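Presented sequentially are two complexes of chain A, the first with chain B as partner and the second with chain C.
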Partner chain A sequence: MSRPGFVLEVDRSTPPILFHHGEGFRLEKLPTGSRVVYPAEPLTPLSDPDAAIRHALEHPVGDSEPLRALLRPGMKLTIAFDNEAVPLPPMTGPDNRQRVIEAVLELAAAAGVDDVVLVAAHGLHRRATEAELRHMLGDRVYDAFAPHGLLTQHDAEDHDNLIVVGQTAEGEYVEVNKRAATSDLLVYVNINLVAMDGGHKSTMTGLVSYRSLKHHHNVVGMQHSRSFMDPPRSELHNATWRMGRVLAQHCQVFQIETTLNSDTFPSQFAFLQKREWEWSLRDRASYLATAKSLDACPPALARKIMHGIKSPQKMTSVQAGEVEAVHRLTLAEVHRQHLVPVEGQADILTMGLPYIGPYNVNSIMNPLLVMCLGLGYFFNLYRGKPLVRQGGVVILSHPTRWEFHPVHHPSYIDFFEQVLSETTDPLEIEKKFEEDFANDPWYIHLYRNSYAYHGVHAFYMWYWGAHALQHVGGVIIVGGDPKAVRRMGFKPASTMRDALEMAEDVVGRDPSITHLHAPPILLADVT
Partner chain B sequence: MKAVQVVDSLPRYGLAKVAGSLAPGLGAKLGAVSLVDIDEPLLPAPGWHRVRPRLSGICGSDLSTVDGRSSPYFQPLVSFPFVLGHEIVGDLDGEGGRVVIEPVLGCAARGVDPPCRECASGRSDNCERTAFGHLKPGLQTGYCHDTGGGWSTSMVAHESQIHPVPDRLDDDAAVMVEPAACAVHGVLGAEGATVLVLGAGTLGLCAIAALRRFTTPGTLIATAKHPEQRRWARELGADVVVEPRETHRLVRRATRSLKVGASLSGGVDVVIDCVGSAKSIEEDLAVVRPGGDVILLGMPSTVTVDLTPLWHRQIRVRGSYAYGTETFDGEPRRTFDLAFDLVEHAGLGRLVSARYPLDRYREAIDHAANAGSRGAVKVVFDLRGEKRR
Partner chain C sequence: MRIPRAKFPLGAPTWPTPVPRPPVEADTGAAYDTAWARKFPARVARAMIVDDILRPVAHFLARPDVTGLDRLDDLDGPVIFVANHNSHLDTTLLLATIPERWRHKTVVAAAADYFFPTKVKGAISALAIGAIPMERNRVDRRSADLAAELLADGWSVVIFPEGGRSPDGWTTAFRGGAAYLALRVDRPVVPVHLEGTRKVWKRGEKLPTPMEKDSAVRVTFGAPMWPEKGESSRRFAARIEAAVATLADEQRTDWWQARKRAAAKTTPSLQGPEAGAWRRAWALEGQGRSPVTREWP
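Here is the complex of A and B:
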């Protein structure tokens, strides 16, 4: 039986608290009275995930027949799947996608379905490499489909292979991958890492064009997603739900969603999942050895080491059928693992940011991604109210190097240099620069032919933080490159103590402090 | 009189070169430049007047001389020893009032009659008799033994060089007229949908202001190394201002170019290079579009540059030296007249950041050589309080 998440109040006997700090870690002594929000321990996983998958396919939820009944000879079947942005870190094999897709393919084969195409639903993300596809799908699936051109990656700029299937009452165009939208059956295979994932958002981000994405990926939408980890209160989700329903009217979508427990790090990093006062001698030794070794490594080597981590996360649930019915169950499962009740907001919220986020798998966590991870993802890990009060201060711990992956993030570099040097205001940025970047032929070329994120993706990174930027009175980054930190309009600090002192200039003396002890991921249920 | 003078000394020139390569401006301490007490220059002929400098700027070409970086090309075009200083506002002896000096020493100043064909057409910047006539060689005041220069308390100027300063312009504004004239001369005709000004020292900032005043660039991009330069570049009219290392990427994006290897498929229509280094010229060739124009406004020296892109992309490179007569709005106009207008309209007097007495010439030169990093633009000698003036 796993222990639930909880809130610790720091007293004089509390040991220093672990902060992720990019590819490394720090132990920080927080002031007495500070609160630390710990995640729940990993839930017990499904004992036989393959059997659970088969059961889900046979017993769908919502208005859906079993998958077996939807398959017939001569039909056109498309199986779309989440890309490498989930889970984090990538999980040890077999990946949930592999398990589910193999089960779907077995049923399709049994039903005599020949026309099957797999589509990596990566939206405006970079294309996955062969190694990444093999990891997600397994060699058997990859080798059966890729050599025949039947394993494709969604191309949001391939206008010959996009189709407008309709429009919402609000005027939102639903322009979708043509193969998926014109299939007799679209099976979508998801891994629901956080509460934001899944549901109609899967298809409406992974399989659409920029024209459609901008209906929900925009500043006002983000500012009114409070939080986007709480779909009922998220404008991002409202829009994707409206649009997803249009697709569902056009073609049959059979959604298969899986959830994971929070067993995030392998045994040699066990200390990352334990509460500090429960660290064994071995945990302390491995913390010291790991932290010191990583500190001593050049950043590129430390990055390589950390990106080699495979997460032992295991499947905790699988549900299939009609999108919205499926997602309701999924969300409940995610909440079972992630929700931690927290009473009241703090003046200061501290967070240690890890080396990885959804957009730098096998890549560099550049400053924009630091912003996105901190003020987008981590800040929004709440339901109810943000962990920090309006006008409070967020303190992030991360090296925040002025460093970009030139292949993966070319438009990010230009955004960082050319846009943020003019303004950091998301609305102004959106108005003045977005279209120009989105339609830049070079970015489009790199997105389609190389391994680059789409030109507009850098903007979305900034938009993810739009709600936080509106809410907080200041952002301080501990241990970051001062120039990079200032470029984003934030303040650099050398130490946590300095940062806390600087924060007092904004929030006043003797502030209340909450530390979000993640990852492993949690979702603060703030009342 | 007190003057900062340059002597013809090969060892001291060599020392200056070494010192200047270690730290910009260090040549002032070890090189061929020194503060001396010398006789006032004589009036060479009728039509010449004595001028008492009030302010005299320190220019990039002066710094090249101080640090031994000037090209050997200039050797026959100067006469040693000479007093530096060609950005000058001064008082005309007698009741002549304040004047700005147009330093180019063309045929009129040299007493060459009839004038060469360039001077006859008003283009004294292209004078073919620079080393001849009744003056010793010297392409400008500030490089000619006979005229003296602005870094002193007394010099001489020919009536063809003298421009009265209207009362509404203060000395700071007036001392900016000469660099502004250089900029005006460089940018006129530099029309294009996208224009890039490389470098944001005095010349670069004046070029930005001049482009805004006298041309209609579609998009005016500027590169500036230092924060204060970036602020000025924006203030004077650049649409986009970036750091030098960001230039290539900005141009690519602004011109919707693709990339082939490290090269752009397109580029800006015009680059105005206000730096003049090998690196900047390489950058010019990398970011200008095929068939585009590069204008070298900053004084270059001996540089090693791969000209393959120039050949392949059929780029036109044009030097821009000094000033003379321009065609503006279809009419011939003296560049200095346009420069007066620019200085006043753009408020370029604000670019004067520091003033030094002659006694502190080493400090002044050090400040000027590191102006950007120290948040300054134009550093000048203030001679208004000098004795024996």
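Here is the complex of A and C:
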């Protein structure tokens, strides 16, 4: 049985604590009295996930008939699925999406449904490569659909294939993928890595246009999402729920959500998900060998090695049916794996950022993505109150190189050079620059025809951190490129000790410190 | 001089005081997993160890006289070899003299506390002699289950039912484990008597002393014994002990004498007289089991 997460109070006997540091790792001795929030160990996965999927399709939750009863000859069926941003790292095959989609297609074939189209719901993300699609869907599905043009990728700029299905009471337009919206049945296949994922957010980010996305992806919405890992207290989710209900009135959505355990790293990296005092001789040897060789590697090689990792995560639950009923069960399952009770906030929050985030799968973690991962995702891994107090300091550990993937993140480069050199205030950035980038024809061309993130996506990265920027009194990045760090308005530090001293200038002497020991992912339930 | 301890991660991590230590899940002693030692590569290695090292060593040290093997001619399948136990040499000698058709698919039930106290010692024992851990100080279902599984899987088992080497040269009472196993899996017991191994390597001595003449060490294999219908393990154990005693008698006298005494239930006990230590030692010497070799002058 897996042990729950817990909070360790550091004393003299506590060994140095592991920090992720991009493609490498650090062991840091935290001051006595610091607290370390450890994630729970991986839950026991489903013993027969395929049987569980079949059961979920036959026994849907909420106001929905079994999938078998919804399928009939001559109908128009669209199956949309989460893109490669989840899970992280990509899971060892077969991927949850492959298992679920194959089960859905089995039923569709038995019911004689001919008109079936698959849509990768990647919103404003880059298109997936063939290798990534094959990994997500498996060769059987890919080879059956892709050659016939029946495996498509959502294009938020293809206005001929978008349709406005309605408007919310708040005036939010719901402009979605036409094929999906005009189908007799839209089946959405999700992987719920964190509490933020799933529910109406799946369709309302993955299958909509920029015009619809900006209703919930905006600075004010992000600042009022406290946190966006806690959907009931997230303005981002409130907006997507409102908009998703409009879509649900327009076409029938059959949502299939799956959850994963936190078995994030393969056995050769077992030390990454063990508590340091339980490291065996083998773990210590693995750590030394891995850390030293990655440090010695050129960054590109280290990145290639680390991006080769496939996560052994396994399915812990699957539920299907009406979107909101499904998502309630999903959230409970995610909480079962991730929630760790924490009492009180700290003056300083430390985090070691890993090599991968949702937007750099098989790509470079550029400085904007570092900011997004640290102040967006990791800072928001809380329920109740942030782990750091208002006016406190966040210390991130990451190399933060001034380095961008020119194919995947072209608009990020210009954002970093042009926008951040002028201001780092999210509201000002949104007001002054967003529309220009969003409507830039070159970025649109690259998004549609190359493998580039949409022009506006760089802005969203900055907005993800808007709540943290508003909340904290300073951000320090340990080991980061000073120029890149300063460009974002943060302070660089060479060592953790330096960073803690610098933080004392902001929060005062003898600060309380909390370290978020992730990944594996956890969700701090702060009271 | 105290050697300074390497710092983590080169050295072992310290354990934070607030974190309670979990009960250590044993992976040594009776819990040591010997499955790897029965995989093909380990079996090949053991065959080489037994044939190329242990057998020559046993023959060099003991120069044994092996009798009774003809009693096993008609026997097939896994068996339980049961022998008295006087010396560390006994296992080696038995493995060296067991007919080849069993030799390389035989495990030795070895005291878990003595042969498997650490992983390294356990690994050496499992690899070299095919030892499996046997709990001798308390009842442990795992040991019996493992031995039964192995017998069912075609492996033969060597058991020294005394639970350890004799402290004084006389045999201690046989325990019921071998009999219980035979009843449980319905396989025969082959009684074996080992004579004279104590002279080569006595308990308490660090190194063995090679025998200078032939036939000072004798290995006698008895006829296979099947449990009788409805027989209890205690009764069967007593029969096995009596069979080993008869083999001992056969070594000292001859087969016919031994058979007659066995029929008359007058076979000398393996356990010696119930008397003080010196009288037991005296009686043992009188049997010629442990002659005192006086050094000059």
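By definition in this document, the second predicted complex is superposed on the first by the 527 of 527 C-alpha atoms of A that agree within 3 Å, B and C clash if a C-alpha of one lies under 4 Å from a C-alpha of the other, contacts with A are read in each partner's own complex, and residues count from 1 in each chain.
One rule holds for everything that comes next: contacts are C-beta pairs under 8 Å (C-beta built on N, C-alpha and C of every residue); 3 or more make two chains touch, one makes a residue touch a chain.
Here the structure is a predicted model, which means the values were calculated and not measured.
Superposition model on chain A: chain B and chain C are shown accommodated side by side without a clash.
Using the contact criterion defined above for the overlaid structures, shared-chain residue A:14 touches chain C, although it does not reach chain B. In the superposed model, A:276 makes contact with chain C only, not with chain B. The partner of chain A that touches more of its residues, comparing chain B with chain C, is C. Legend: residue contacts after superposition of the two complexes on their common chain; A:440 is shown touching chain B, with no touch to chain C.
In the superposed pair of complexes, A:284 makes contact with chain C only, with no contact to chain B.
Once chain A of one complex is fitted onto chain A of the other, the partner contacts of A:421 are limited to chain B, with no touch recorded for chain C.
In the overlay built on the shared chain, the residue A:27 is in contact with chain C alone; chain B does not reach it. Aligning both complexes on chain A leaves chain B and chain C separated at their closest CA atoms by 43 Å. Remark: chain A residues 8-11, 13-16, 27, 275-279, 281, 284, 287-288 touch chain C in the complex. Within the complex formed with chain B, the residues of chain A that make contact are 413-414, 417-418, 421-422, 436-437, 440-442, 445. Against chain A, the residues of chain C that register as touching in their complex are 8-10, 12-19.
The part of chain B that touches chain A in the complex is made up of residues 240-243, 246, 249-250, 252-253, 256-259.
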